[in-house]
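Chain IDs A, B, C and D follow the sequence of writing; residue 1 opens each chain.
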Amino acid sequence: MREGDRFHDECGVFGVFRNSGASALTALGLHALQHRGQEAAGIATCARGAFRVERHMGLVGDNFTSQGVIDRLKGDSAIGHTRYSTTGEPALHNVQPLFAETAMGGFAVAHNGNITNAGMLRGTLRERGSIFQSTSDTEVIIHLTATSTKNSFIERFIDAIRQLEGAFALVALTPSMMIGCRDALGIRPLIIGDFEGAYVLASETCALDIIGARYVRDVEPGEMVVITEQGLESMRPFPESHDRFCVFEYVYFARPDSSVGGRNVYGVRKRIGAELARESPAPADVVVPVPDSGTPAAIGYAEASALPFDLGIIRNHYVGRTFIEPSDQIRHMGVKLKHNANREVLAGKRVVLVDDSIVRGTTSLKIVEMVRDAGATEVHMRIASPPTTDSCFYGVDTPEKSKLIASRMSVAELARYIKVDSLAFLSIDGLYRAAGEMRRDPAVPQYCDACFTGEYPTPLTDRAARTPHPQLSFLENAE
Amino acid sequence: MREGDRFHDECGVFGVFRNSGASALTALGLHALQHRGQEAAGIATCARGAFRVERHMGLVGDNFTSQGVIDRLKGDSAIGHTRYSTTGEPALHNVQPLFAETAMGGFAVAHNGNITNAGMLRGTLRERGSIFQSTSDTEVIIHLTATSTKNSFIERFIDAIRQLEGAFALVALTPSMMIGCRDALGIRPLIIGDFEGAYVLASETCALDIIGARYVRDVEPGEMVVITEQGLESMRPFPESHDRFCVFEYVYFARPDSSVGGRNVYGVRKRIGAELARESPAPADVVVPVPDSGTPAAIGYAEASALPFDLGIIRNHYVGRTFIEPSDQIRHMGVKLKHNANREVLAGKRVVLVDDSIVRGTTSLKIVEMVRDAGATEVHMRIASPPTTDSCFYGVDTPEKSKLIASRMSVAELARYIKVDSLAFLSIDGLYRAAGEMRRDPAVPQYCDACFTGEYPTPLTDRAARTPHPQLSFLENAE
Amino acid sequence: MREGDRFHDECGVFGVFRNSGASALTALGLHALQHRGQEAAGIATCARGAFRVERHMGLVGDNFTSQGVIDRLKGDSAIGHTRYSTTGEPALHNVQPLFAETAMGGFAVAHNGNITNAGMLRGTLRERGSIFQSTSDTEVIIHLTATSTKNSFIERFIDAIRQLEGAFALVALTPSMMIGCRDALGIRPLIIGDFEGAYVLASETCALDIIGARYVRDVEPGEMVVITEQGLESMRPFPESHDRFCVFEYVYFARPDSSVGGRNVYGVRKRIGAELARESPAPADVVVPVPDSGTPAAIGYAEASALPFDLGIIRNHYVGRTFIEPSDQIRHMGVKLKHNANREVLAGKRVVLVDDSIVRGTTSLKIVEMVRDAGATEVHMRIASPPTTDSCFYGVDTPEKSKLIASRMSVAELARYIKVDSLAFLSIDGLYRAAGEMRRDPAVPQYCDACFTGEYPTPLTDRAARTPHPQLSFLENAE
Amino acid sequence: MREGDRFHDECGVFGVFRNSGASALTALGLHALQHRGQEAAGIATCARGAFRVERHMGLVGDNFTSQGVIDRLKGDSAIGHTRYSTTGEPALHNVQPLFAETAMGGFAVAHNGNITNAGMLRGTLRERGSIFQSTSDTEVIIHLTATSTKNSFIERFIDAIRQLEGAFALVALTPSMMIGCRDALGIRPLIIGDFEGAYVLASETCALDIIGARYVRDVEPGEMVVITEQGLESMRPFPESHDRFCVFEYVYFARPDSSVGGRNVYGVRKRIGAELARESPAPADVVVPVPDSGTPAAIGYAEASALPFDLGIIRNHYVGRTFIEPSDQIRHMGVKLKHNANREVLAGKRVVLVDDSIVRGTTSLKIVEMVRDAGATEVHMRIASPPTTDSCFYGVDTPEKSKLIASRMSVAELARYIKVDSLAFLSIDGLYRAAGEMRRDPAVPQYCDACFTGEYPTPLTDRAARTPHPQLSFLENAE
């Protein structure tokens, strides 16, 4: 999932209720969730009814660490959001948390996921006179809440979220409460922690670890938790449903030291490698990961196949996406900004190369060639997931289906295209086994695996109606 | 009108419809209107349905002169706004033009004036679910338009402005038209010009002069002009009324080389000086203006009294409001950042000092003392307007009544307070004579003179209801 | 002197020794001297041997007013500099004060003037291994001081300045003293003041007025004053000479409320107007200044000729030099950014137009046409100085001789070129009379008047040797 | 080497001569060398005699990737520098390359290393009148060159570098040549590459790989290569000496995929792990690296001891050094910004923890505790180098000796301090074996290993003379 032009965003959310260090704790929590979104981050705090919001393009560690910003973010409760890098969208007005003042008071919302009927809802709201300031789904939730005719904020908020289709894990803050909520299927993660007696909400457990908060439990699929000074109240605003947690969180998105959906991510990834070794062994001298996302599966593969594990590709962790290309003769420049072949490991070797997935295939092609240039005699590519054949409409950022190379090529064709000696993907049942199931239940799959199977667990209203992605007809203060 | 902490804003507006240089022309027009507001400026353009908006704190000449900004502001129509300096308000979200996308399409609005029932309207809109992003009156107009249930944009816009009380001169832009509109009493100015066949709207004629546009006529009180490719259509959305143009535009606010309300400002000011000399002569050697606003009246006074006119106070035009005071011994530091006594002119002289008005009295006190320190033997203060006894609620920035020294002191008390040998204000009838009337008609005054008489020509709904000035309960990205 | 591309800089300097508010006082002093240079400003302070330097592009009021910058500029002594706007030079490394650490300790220097053998000295220093960081003359003074082999700082500094030709008024600061110095002829001004017992140095008295400092005396031509905790010591490092103060300071450069060279500038300018009226009367209805520099002379002219004085041209004090020109049809755009004709005053009138000088003639041409467009029936131009025929090499910014229109045209030709009904310049003897002399003494002129006469009072070594203006062969961090 | 307050800097240098993409190639090369310094970076180019220099605080990928900066850096030759993060030093004036114009023309220099007699040389130069603008050693080289009395630039440059003691790898650029130079012992690395026929110089081979340049050879210890349009000329300006390449480049500093000193770094590190396993086996279930620097040695250790290798600590690669600490109860906050324990791997296990070195011991203490908190039953720490007992004066950034915990504690004491079940360091001979030698030759050691042995291979003149680190007595434009 390393290539450009995505159409939707994965995100991380965090919140803490009634702790004097709320803004600083939120900055730390977002730093731990930075892998879920590097484009921008924001924090909203509330101090005795008065909200502060800071939203900045760039990393948490660059924008939310100074004494100044933390002091400005007064208040004993805070929610935060970190947002994935996208291209071509004018920016700051889409950064979350969003805030609005309504007749029922002010509230801030941060959202991870994607609402599949947001376009339709947006159209209706606009007809009634709501004015949109952003293209984000989150603003739809805000306007639904503001225009609801129910009698209390909670009722209005429930009135709003009941109209949503798709995937969402929400954190909201009002002067008197913090709310956490997951969609009925629980596609996106949200967990509850305890920091010195204060409730914490976060996308992953690694955001608890960084501040030393204790993991309490996951917010359950379809559950809404309302945290006030009286404690946590659990509500069930949606009809009963089955769990369909996103299996791709295990494959790629979540941090390996996190537990989401009740399982440790690193463990699932190592078992993926082991399943892969069992399903698709290779006659090789060394197992080499494409770092960093392929590493746990490569360790699992090496262990299961009793082959040595070694770092044949070194990653440069300093970011550098848009360097000017100085000369046409530079080969694979994009790949080399992040990866370099380690000749010492590769020269003269038959190599098993383990990556998490293949999206467009262009990166794989270049990495394989780089590995061969460094002297590998054979390259056996092993992919730690089934072929990605379908787009995600639930907040994991994937290209449209026609750009997904596995939707157009067979495994054999793809092997020829990326020029490997052999290529194998993990089977869908193998993936489910690694994730703790006996196999995939075709009647009621235990996970959302639409990107591998095309079976979408919710209606895709906007897509069916061909509602275009919302666009603001104006640009502000571009520079 | 030179002292701090004002509560409302005077502004300048400009618009041009269908000329390829729209954004650059608007920048020039706003530069000519810069005296109407130095805090911030904005320009919105429309190019084939797509709007661009740039809004910046600071001067037009600092922010809207680069090739980059003018190129980004694509389009053949533009409106712009320049805004007065206020203190204590978080800023950029209140800078105009404001823009909104509604179900009837996008539109941008720039507004000069003050809506006296904005708070009440805001409350009603919020109850219905409108979400406000600013504290500006202009956003009320936008939400009223967006939530109107009429069938066309024009009807919705009229529906909106008919609900407004107070003073407003509006310029609005949609993809197919530019609208200009003055409130029923015509309190704030708005004029129509012609630049090479393209219609121009501006607060004052000096904005036509800078681009060489021809003055066509004023938008009339209560008139709404709709400019499309078919030409200019005049509408009368309000009930018939009397004209009540703001007389203070002549005293202080408008630029002396402008014509507003059909009269040249410089001419009115010189006549004010002559009336003042006639009403309140002084036994003196020299007439000295408090520059720059007192200069035309001082020339008129000198001519009418056959006394020499001379520059006894020199103004430093470089701005410097917030210098750190290095020492308690520095006297009159605030005044001296802008003015210095010219000893050559003042020493040993009996001086007539002419200023436009007295607000709090603190500046006058310091200027008189500075003039005496420079050797003046007598100081006879002459003020080019009646005592300012009441606040303006129509967009000229004045302190609240209790801070207006003339509301608390008689002229004799005030003369003692500011330590002059004599003090005289222009009479209200003298002011009306200078502005071309025989006298003030007490039954139906020809101008709005509420700041001098307390007779407000419109209801003051918010004030009567003690509606507080709207405040956002949040702060964003303060720095 | 309003047109572009100048080759050298006029500047303002200020210093204060041993007052706890040193940096804030210096900021105020520089604000009062802002008319001497608007491109950039800098302040250097010294606190117990440790120097701080802040230098910023832009106005003093924009960069040296915050608590932060004043707090950073710790110390009880400070010197400051404000620099004229030039085009085409990469910037910040030339902004003063310059600072250097030498074996004799650190010192900072600010300089007003122009060294006419700087290029020659620079070449010699570079040969010996001195490395230059700027193209400013001031750095030559620093390297001369650093490489001197004398035994004390004072001796080294005198060793340095004795090698200089040209015009200079210097202020220098070391941990134990502040030095003020004028060249042997006293071409550029420098005055001494007293602020609560602390010595102050400044280019003009208006910088004393703003802080309420008392004027003590001028630093005399050829004098060097060394101010320590023991008081002020006067030295005479140069051979005896005649005074040749720059007469153009009176015509245009100094602020009218200042006294320089022992005379009040406003008084000289009014006398210039009176002399001009006597020498060149005009059959007219009104006297109109080109504001602001022509105003005092216009008042003098009006008084002496018993004609009414009126503001026929209104100046927009907001700066806006580089607006994008939106259309070829805009006439005189450059002029109109600053000036607008006031039709009320001009229409149907025979106008005497008073300006301080004519440089290239292009501005005059446009102003005359603008005045005629506003309805003036006759335009009689009167110039408050003799024809400017020669370049200044002493720090007043003038174009090269061939660009000076008066060096190429007779008065009659020039009158036709700028399309006036009559044109007259002040005579050189008239100028000397206004400046307090009986007449110009051709043997030993009492002023430097080289720009009017071509008689340069010092050698012009670099010019004779055709030494090119120094250029750095590198650019740093341009943006 | 992860803890704060270092006193000297490690750096990376790069240069390319005569290729039209010089500035973009240099940006890429510096990006690959970013691990050698993240505080700041600079590039100097030369185009037909005219130099451009851009220097910015922050990462190469943030400052040298835009079309604008690359276009400004005109020229077909370029040198660049990347600089390590230090604290407490005002910054930009110390960023390299430095540039100077001398009587022999302009030249730019970038420098990796540390001059041990720089303070003494600086004192002498200052006595003679040289003015320093920075505290960097590199400026000493520039002034030595500028003040040399030799007849050509090359001779002056050699005259300069012959006066230097200590460690340096230099890249210099003049209009006609690029120079590369290593000190007589070759302590710091410098290699030669070929990019499409153009010579390249770089600190490590990974900077060749990123642009696809071919490795030619190392610049030899004591060699100076002069690259002109005629090709490469090798000179030997220093007396003959033994090689003493920095062994710590293998342990920690160089990138694992680089070859420096003729050896692949990854290979040396894996052999270090194997040596360590042989010398100090441990009764354990899993080998866990402290990522990322401990990883290759951990893989080597695991292989040699037939124990499983696993990622028990996950690194967060997003930087976040100065987060505000929200609460005293947060344990190990500093460590957790970068590392988190992976409970899945550690719980219930006996763990071999492999790190590259121990400096102050504080980080080790916290990591061990974090590993135990995650459930490890035993922790056996293995360090991939001998105890660091002495400071480096050659450009690797280490604290002073008294802060080095291994200089104060025995291994047993240290084991108790960091609370491990066992602790072992690699022996010095083990390190030499891993680096390809039979053993350390005590008479003439093959490497510089002063940080482990205290045997410094050059005089330490400034240290012996207690010359203080140079300090500028002024601060400029701090913010």
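One rule holds for everything that comes next: contacts are C-beta pairs under 8 Å (C-beta built on N, C-alpha and C of every residue); 3 or more make two chains touch, one makes a residue touch a chain.
Given the structure is predicted, the values throughout are model-derived calculations rather than measurements.
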The chains touching both chain A and chain B are none
Could you pull out the chain whose C-alpha mean position is farthest off from that of chain C? A
Starting from the mean Cα coordinates of chain B and chain C, work out the distance between those two points in Å. 36
Averaged over CA atoms, how far is the centre of chain B from the centre of chain D? Could you give it in whole Å? 63
Measuring centre to centre with CA averages, how many angstrom lie between chain C and chain D? 52
Could you pull out the residues of chain B that touch at least 2 other chains? none
Pairwise, the chains that touch are A-B, A-D, B-C, C-D
Going by the contact rule at the top, pick out the chain D residues touching chain A in the complex. 19-25, 27-28, 31-32, 34-35, 38, 59-62, 64-67, 70, 196, 206, 209-212, 255-257, 264, 266-267, 292, 295-296, 299, 303, 308-311, 314, 316-327, 329-331, 333, 336-337, 340-345
Chain D partner contacts - residues on chain C that touch it in the complex: 44, 49-56, 68, 72, 99-103, 106, 126-133, 142-143, 146-148, 472-479
